[in-house]
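Common to both upcoming complexes is chain A, partnered first by chain B, then by chain C.
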Partner chain A sequence: MTQPLLEVRDLRVDFRGEMGTVSAVSGISFTVQKGETLVIVGESGSGKSVTSLAVMGLIPQPPGRIAGGEILFHARDGQTHDLAKADARTMQHLRGAEIAMIFQEPMTALNPVYTIGAQIVETIRLHEPLSRRAARLRAIDMLALLGVPEPQRRFDAYPHELSGGLRQRAMIAMALACSPSLLIADEPTTALDVTVQAQILDMIARLQKELSMGVIFITHNLGVAAEIADRVLVMYAGQTVEAAPAADIFQDPRMPYTRGLLKSIPRLGMDRDAGPLPTIPGTVPNLGEMPRGCAFHPRCTHALPDPCMARRPDLEPVTERHVVRCARWRDIAGQPA
Partner chain B sequence: MTRYLASRVGQLVLVLIGVSVIVFFTMHVLPGDVATLLLGERATAAQLTQLRHQLGLDQSLPVQYADFFWQVLQGNFGTSLRSNHAALADVLTAFPVTLQLALAALALAIAVGVPIGIVAGTRPGSVWDNLLMTATLFGVSMPIFWLGLMLLLLFGDLLDWLPIGGLMPTGLDVPRVTGMTVIDSIISGRPLLIWASLRYLALPAVTLATIPLAMIARITRSEMLAMASLDHVRTARAKGMPEGRVIIRHVLRNAMTPVITVIGLQLGLLLSGAVLTETIFSLPGLGRLMVDSILSRDYPVVQAGALFIAFVFVLVNLIVDLTYGLLDPRIRRS
Partner chain C sequence: MTALLAVTDLVKHFPTKGRVFRAGAPLQAVAGVSFTVQPGEVLGLVGESGSGKSTIGNMVLRLDQPTAGQIVFDGQDITRLSDVSLQAFRRRAQPIFQDPFSSLDPRMTVEQIVAEALVIHRLASSRGDLQAQVVSLLELVGLNASHLRRYPHQFSGGQRQRIGIARAMAVKPDLIVADEAVSALDVSIQAQIVNLLRDLQKRLGLAMIFISHDLAVVEYIADRVAVLYLGRIMEIAPARDIVRAPKHPYTEALLSAVPEPDASRTRKRIVLQGELPSPTAPPSGCVFRTRCPYAIADCAAIVPVLQPVGPGHEAACIRTGII
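Let's turn to the complex of A and B:
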């Protein structure tokens, strides 16, 4: 197998707070191949956004800090950089050019005082020695590629003059303007209407093929994950609780948490008389008050005093490409979630 | 845009009418009689009555106001009771002195205040932040007359580096073009004059700059802090932009709107409120003229001065409002 585009090994991110230091991400590992989409799924507070910011080198420090692990990125020039330790210059060089990011809220993620064109041009000219004119043409091409109608006119529009869908397209155009090899999308469709959401997802999937980018897509919505994922990583309380190729996750989920998430997705044609949509009771534990044993046990219908409350389970292989963090995954296989 | 401008000019006119009413009536409600003041204690009743009639002071107040207003519309503010010049002429002679002082003070305040705000705002909680913010707290709370006198004592007397007051050294005259000594000196092209005018401007400008400088520094800092945590700043970093450019282009640029507001307000205040500084440094500016005229009940000059200051104040505000549109496209009107 060729060298992966991105390999994260045992990444730990700590935040110093009033209640002492907490680990927002405690030992997460994954790889992203060229042209592959990894979807990281989790609730708010699971550490998925912190993971993506760590890869970008954008963890606000203080209070945050990459406390351990490696983020190995295989750059175009053939070198492998450890982004966990890279200096500011290296990161500036890679960010925007080889690793790009799309954020959740396209209204606030774009600067309101510059036109979207100016903001795209800015990215291009940071990384490539293009004239203003050439950069402008490239930006208009990007807008057109993303299906922005009248790209020449929209180039001079300010963010507040565009709809949410167009703003997000502009944001994506900005991210892709330098043809990055890795794209990180942090809930890019959450703030959008469902129809626009579907268009944007299609767009990202199409551009990924054209540019053969690796994509890390972050979402709390397994329905979105099902549409685009090659592989899925489910995060809970700063850890991987299950990771597998998309087909395995959706057809053969092992971790009770994953099963709960899947059951709580509404589907067309569901039997309405079967009662309300199932939910997972409770919330993600506060990072400062992690339960003993398995972090998920207070919310788990399968939890037993031993082993679930006694020991923190390890990540165990189910198959060669499917791992799960559950002490009872063998016992509960085949049982309803 | 045209409609917006027209409505703003309409506002300006309304404000001026309001100010004229207030100024006119307050001056007349104040105790003290102009005729007695002009003719002295020993004037006879007949002389006083005659003068009051000449000045129109025996008419009812509304009639006097209507007359005043009609004259003002024709640009006639009356004649100064002290100098016998046209009242407006006295105001226009004094104004450049104040304008030069205010602009110099404001330029200094911006040139020093904004960088202080940036340094403090990008390092919140650091030693620099604490040091600079304590210093600006001193700046806003120091009484201006005390600071002026201390600077005068130190640089004018003890060190003897700078002149202690006035506009230009005696014997050195600048050909008057704008009335602003520095600019007139530059126009004259004589380095000696330029140097002298700058030396005479230095202490008053520093004195007058302290409060706006401190306020600009504090507002810049707090706006920088507020902007720095916004999402678009993270986007700028995600583009691979060097930190310095992120701060200038995506933090400072967005923080400028409130800073400009403060700058505009300060300019308005400086233009109308340089009284103390002008007094300490014996500058024949608008503030001094107004105080002297009020004390000697020189109604025409007070009225002309107050209307003029109101006019300048509203004009500065209009310019500031128009600047918002340039700085923030969300406010721009089509």
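Let's turn to the complex of A and C:
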């Protein structure tokens, strides 16, 4: 295989708080290839957003700290940078130009006192030696590419003058203005209506092909994951609990947590007279109060005192491209979740 | 059967700012909506932001005053209630909100939160009776007496929503208006709360207006569903029929946009073009025509009204045969 665009090895991120130091991400590894979409799925507190912020070098320090591991990014000039240790200058050079990020709430990324055009132009000129005029044309092209109607007029609009969907497009235009090779999208469609979400997902998929970007897409929505993922990584309590090509995750999930999640989602056209929705009992654990052994065992119907409560399970290969963190995955393979 | 709730031609305009010293065109949040809810029935309201679904819920609870129209609850028009009768109405119609973080007073214990309505409506005969009622309400929603003295911040999102549900159930209401009640919850918690709501609704024979943008959740919990667009009902039908045989182009597009957790899916996706029109200047004729893949010239001229297209199934489209 060619060298991956991004390779994260055993990343650990700690946060210091009132309860002492907690690990938000405790040893996660993954790769993203050029042109590939990796979807990271998890609930609140799973560490999915912290992982993406670490890649962007945006962990607030303090209270946060990258406590270990490597984030190897293969830049266009052929150099490999370890983003876990990169200095501010290197990060500034890479952010925007080679690695871009889009967020759930576009207003966190857009400045309310500048027009969206001015902000896109600023991003372009920060990284590329273009004239104001050329940058303006590029920005209008980007807005048009993202399906913003009347891009010339919208170039001069302030963020508050746009609808949620248009603001999201403007933010994506800004993120993609320098054709980054890696795009990190943290719940970019979660606050949007389903019809707008469908438009944005289509657009991200199209642009990814055109620009052959690697994409890390973070979501709690398994439906969205199924729409766009090449591979899916499921996080729980700061760790990878299962990772596989999308088809394997949805058709042959092995981790009881993944199975439980997939079963508990109401789907269109399901028979509600068949009884209550299957649920995962209990709640997501607090980072400060991690259970011993497998972090999922208090909520798992397959958990046994030994090994589940005794030891933290390792990630084990199910197939060459499918890994699962469950000590009992072989025993429960044929059983219902 | 007489309807518990009958809403007729409900309209809500919000004033907007225009030029200096002048009002702008009013924002038509709800533009003539009629529906009924039978005792023990769950009506789902679905639609995207700006569809007016939450405004309708707020008006049904009298948290907001309609611009025009009638809301008749158990024979009484609640838009004209005096303060005294309003309090009696509030005992019978209760809200459950989306955000269990902001809808519970952080300085009150769980016991105080759940007991408050019982005290206001004088529904407990003694201090002992009050606490017994609170405990049985907590047990009803899957909590217990050990939670009485705790504060909202000591609970997870799912547990807080249980507290919100216990508070709503305290006064033994006839109608619940649940506005995005499970939308803010983690995926693994959402199913627990959906099951709880459905179980309570069935067991206690509650009528409910279940407002959500999530069609799959609405289909699961509602008996009938009304699909809203720009403050108007586009289609209303039994939940199953809305999902399996939609008759309005907007419903069809909305359903096709729902992402489903199945990588092998090959359903056709209708991606709507353009943006939601401004509710201060809705399009002439059918308000959906500017984004409708089936629109013809007549759609700009004729305002479609809800017409029967099947048993209990109505759609507001002059081209219903097209789907």
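Definition applied: the second predicted complex is superposed on the first by the 335 of 337 C-alpha atoms of A that agree within 3 Å, B and C clash if a C-alpha of one lies under 4 Å from a C-alpha of the other, contacts with A are read in each partner's own complex, and residues count from 1 in each chain.
Assume contacts are C-beta pairs under 8 Å (C-beta built on N, C-alpha and C of every residue); 3 or more make two chains touch, one makes a residue touch a chain.
Here the structure is a predicted model, which is why all the values come from computation and not from measurement.
Of the two partners, chain B and chain C, it is C that touches more residues of chain A. In the superposition on chain A, A:129 makes contact with neither chain B nor chain C. Of the two partner chains placed around the shared chain by superposition, chain C is the only one that A:284 touches, whereas chain B remains out of contact. After overlaying the two complexes on the shared chain, residue contacts for A:103 are found with chain B alone; chain C is out of touch. In the superposition on chain A, A:223 contacts chain C only, with no contact to chain B. Of the two partner chains, chain C is the only one that A:260 touches; chain B does not reach it. In the superposed model, A:78 makes contact with neither chain B nor chain C.
Of all the residues in chain B, the ones that touch chain A in their complex are 230-232, 234-243, 249-250, 253-254, 327-330. Partner chain C is touched in their complex by these residues of chain A: 43-44, 149, 163-166, 193-199, 201-202, 220-227, 229, 246-247, 249-251, 260-262, 264-270, 272, 276-281, 283-284, 299. The residues of chain A lying in touch with chain B in their complex are 56, 58, 88, 91-97, 100-101, 103, 105, 108-113, 115, 122-123, 126-127, 158, 160, 171, 174. In the complex of the two chains, the chain C residues touching chain A come out as 48-49, 156-159, 186-192, 194-195, 198-199, 213-217, 219-221, 243-244, 253-265, 269, 271-272, 274-276.
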